[in-house]
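So, here's a batch of structures to check.
Two complexes are shown next, each including chain A; its partner changes from chain B in the first to chain C in the second.
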Partner chain A sequence: MFELILFLILLVLGYGFGRWAEKRHYRSIIEREKTLNRLPAIASRIPPEKGRYRQTLVMGNTVISVDYFKRFLAGLRNLFGGRVTAYETLLDRARRESLLRMKEQAAGMNAEMVFNVKYETASISKGRRDTIGSVEVLAYGTALIPEPASASDQD
Partner chain B sequence: MEYRNTQPPEGINVSHTHPLKELVLLLGGAILIIVVLSLVLSHSMGYLARFIPFEKEVALTRDLDLGSETPPALQRYLDALTARIGRAMELPPGMRLQVHYSNDATLNAFSTLGGHLMLYRGLLEKMPNENTLAMLIAHEVAHVKHRDPIRAIGSGAALQILLALTIGRTNADVLANAGSFTLLSFTREMESAADAAALQTLDRLYGHVGGATRLFEVINKARDGMELPAFFSTHPLDEQRIRALREMATANGWPLKGPLTPLPAGYRGWLATRSP
Partner chain C sequence: MLISNMEHIPGKRITEHLGLVQGSSVRAKHVGRDIMAGLKNIFGGELKGYTELLQESRDEALGRMLQQAEAAGANAVMNVRFSTSSVAQGAAEIYVYGTAVTVE
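After this line comes the complex of A and B, so read on.
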């Protein structure tokens, strides 16, 4: 009985805090995406031909943990199969947040754009049982920082 | 070439399904499946468990330590009484009974795997005569004879295995507990069957069933205002039990009254003895 009560408390807390954190995070993501859209992140490997750029590796890394409610829902989903919708927002948030962090780093270097953007995803808990799973998403790319025209002439 | 990022529309990588709706659907389905499967499994396992040889039960409980705080005189008396009950109940050969006594005020008695019976001082103190004590012990011996402990554990274990296989050791463990909670104790059917067997034994031992219903009156009286001990929780209501016993005795022609055998002279003293 005690276990059941504890479980329900954890479930309600997980749901409440999870939803609250998710909504807040999405608001922040959308807001920052709008401002950082001026700095394009491009998947193409071929940089623009015009202009001279200094190239620097930039990366953004996010670790997001799944809440108790989502983990329970995903566990139930394992019984029936189908899309694990509970984890979709988790990965979506991690990807977008990582890209934003990468862009923020690039923006700090006065980069014009980021090329050859790639993602890496890793599970922190590595499928270990009885642990709350966390996912790491790393976004990285090559920031192109325009060289001053005078400097390029001297080359 | 001009490079641009535009704001992606929402809801492409994320489904719109409300998580609570999904929870209700999935949980409802899971509970339904668990209930159906556990009913089927616990019944079939409960049925199959009685084919497990009794020696296996004994082997399982070889390391079981139920304590040995029994004063020797009391142990001798309880052993002798239990042996008489076992003979009267025509236990199958090889079904050995072991009586344990706990110097504890708990109002309880139980039987478990391997023919082990556990009697608590709290309940033994309340016994008014030997007939009532015999009814109590016979009830527990009947559980052993009917293989109730292994049946109860068998059906519980079947559920645990089923849930471990399907859900794995996730938080859904809670569901496993919910499913097996009621099955780990004896069912009311088992209790009624044990009552019936005990009553028959009492008639065989003493030629009448007097004192049998006193057991439930004693328990009922002692329990007033007390927390319900786990042992009694699945037992049929005392009044119903007493009525059922009376009806059975009348139907079988077992006399309801007869001379009651007193408890041995030193009985109260033995219970009070602090064991070394």
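After this line comes the complex of A and C, so read on.
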């Protein structure tokens, strides 16, 4: 009986806090994406020919966990099959947040764009009853920082 | 030392390839953080402790790769790639590798 009550409490807590945290996170992601739109992140491997650039590696990482309620939903999905939307939003949030952090680092260096962006995903707390639990997403790329015009004239 | 994950550097010429350099680091977090992460598994949201941990670990792996590149006499590392794998529960290995080169 006690276990059932605990389970229900955890479900309600997970549902409430999880929804609240997700909404808040999405709001902040969308807002920051708007401001960082001026800094394109491109997956192309070929850098632009024009202009002289200094380049540095930039990266951003995030570890995000799903809440208890969503994990329960995903468990149910395992019975019936189909899209596991609970985890889709988790990975979407992690990817977008990582890309934003990478862009923020690049923006701090006055970069013009980020090239050759790659993603790397890893599940962290693996092994605990085979649940995904939390994922880490790393986004990395090469930031191109325009060099002052005077330096390029000398060459 | 120049680090880049592109295959060539615009405006610069690669004079010498010095082979693959690599760095890795395995880290686990202390119990306090584990407990906090356990709580976060109920409520959902970002695990800041883990984010920091992996960031530190990645910096260390990068540092080791750079040391190796310096020892080889390179002044740039190109085509850098990251990879992560969880070795055991609560520990993650970060692996960084790239090509050491000298550029003009």
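Note that the second predicted complex is superposed on the first by the 149 of 155 C-alpha atoms of A that agree within 3 Å, B and C clash if a C-alpha of one lies under 4 Å from a C-alpha of the other, contacts with A are read in each partner's own complex, and residues count from 1 in each chain.
Simple rule for what comes next: contacts are C-beta pairs under 8 Å (C-beta built on N, C-alpha and C of every residue); 3 or more make two chains touch, one makes a residue touch a chain.
For clarity, every value in this text was computed on a predicted model and none was experimentally measured.
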Is A:92 touching the first partner chain B, the second partner chain C, both, or neither of them?
first
Look at A:100 in the shared chain and tell me whether it touches chain B only, chain C only, both, or neither; answer first, second, both or neither.
neither
Contacts for A:53 in the overlay, against chain B (first) and chain C (second): which applies, first, second, both or neither?
second
Of the partners chain B and chain C, which touch A:68 in the superposed model: first, second, both, neither?
both
Considering each complex separately, which residues of chain A are in contact with chain B in the first and with chain C in the second?
10, 48, 68, 70-71
Within the complex, chain B is touched by chain A residues 3-4, 7, 10, 15, 19, 30, 33-34, 36-37, 39-42, 48, 68-73, 75-80, 83, 85-86, 88-89, 91-92, 95, 113, 129-130
Partner chain A, residues of chain B touching it in the complex
1, 3-8, 10, 13-15, 17, 19-20, 22-23, 26-27, 29-30, 33, 166-172, 174, 177-178
Of chain A, residues touching chain C in the complex
10, 13-14, 17-18, 21-22, 25, 45, 47-49, 52-53, 55-57, 59, 61-68, 70-71, 97, 115-116, 118, 120, 122-128, 133-134, 136, 138, 140-142
Which stretch or stretches of chain C touch chain A in the complex?
2-11, 37, 40-47, 50-51, 54-55, 58, 80-86, 88-90, 92
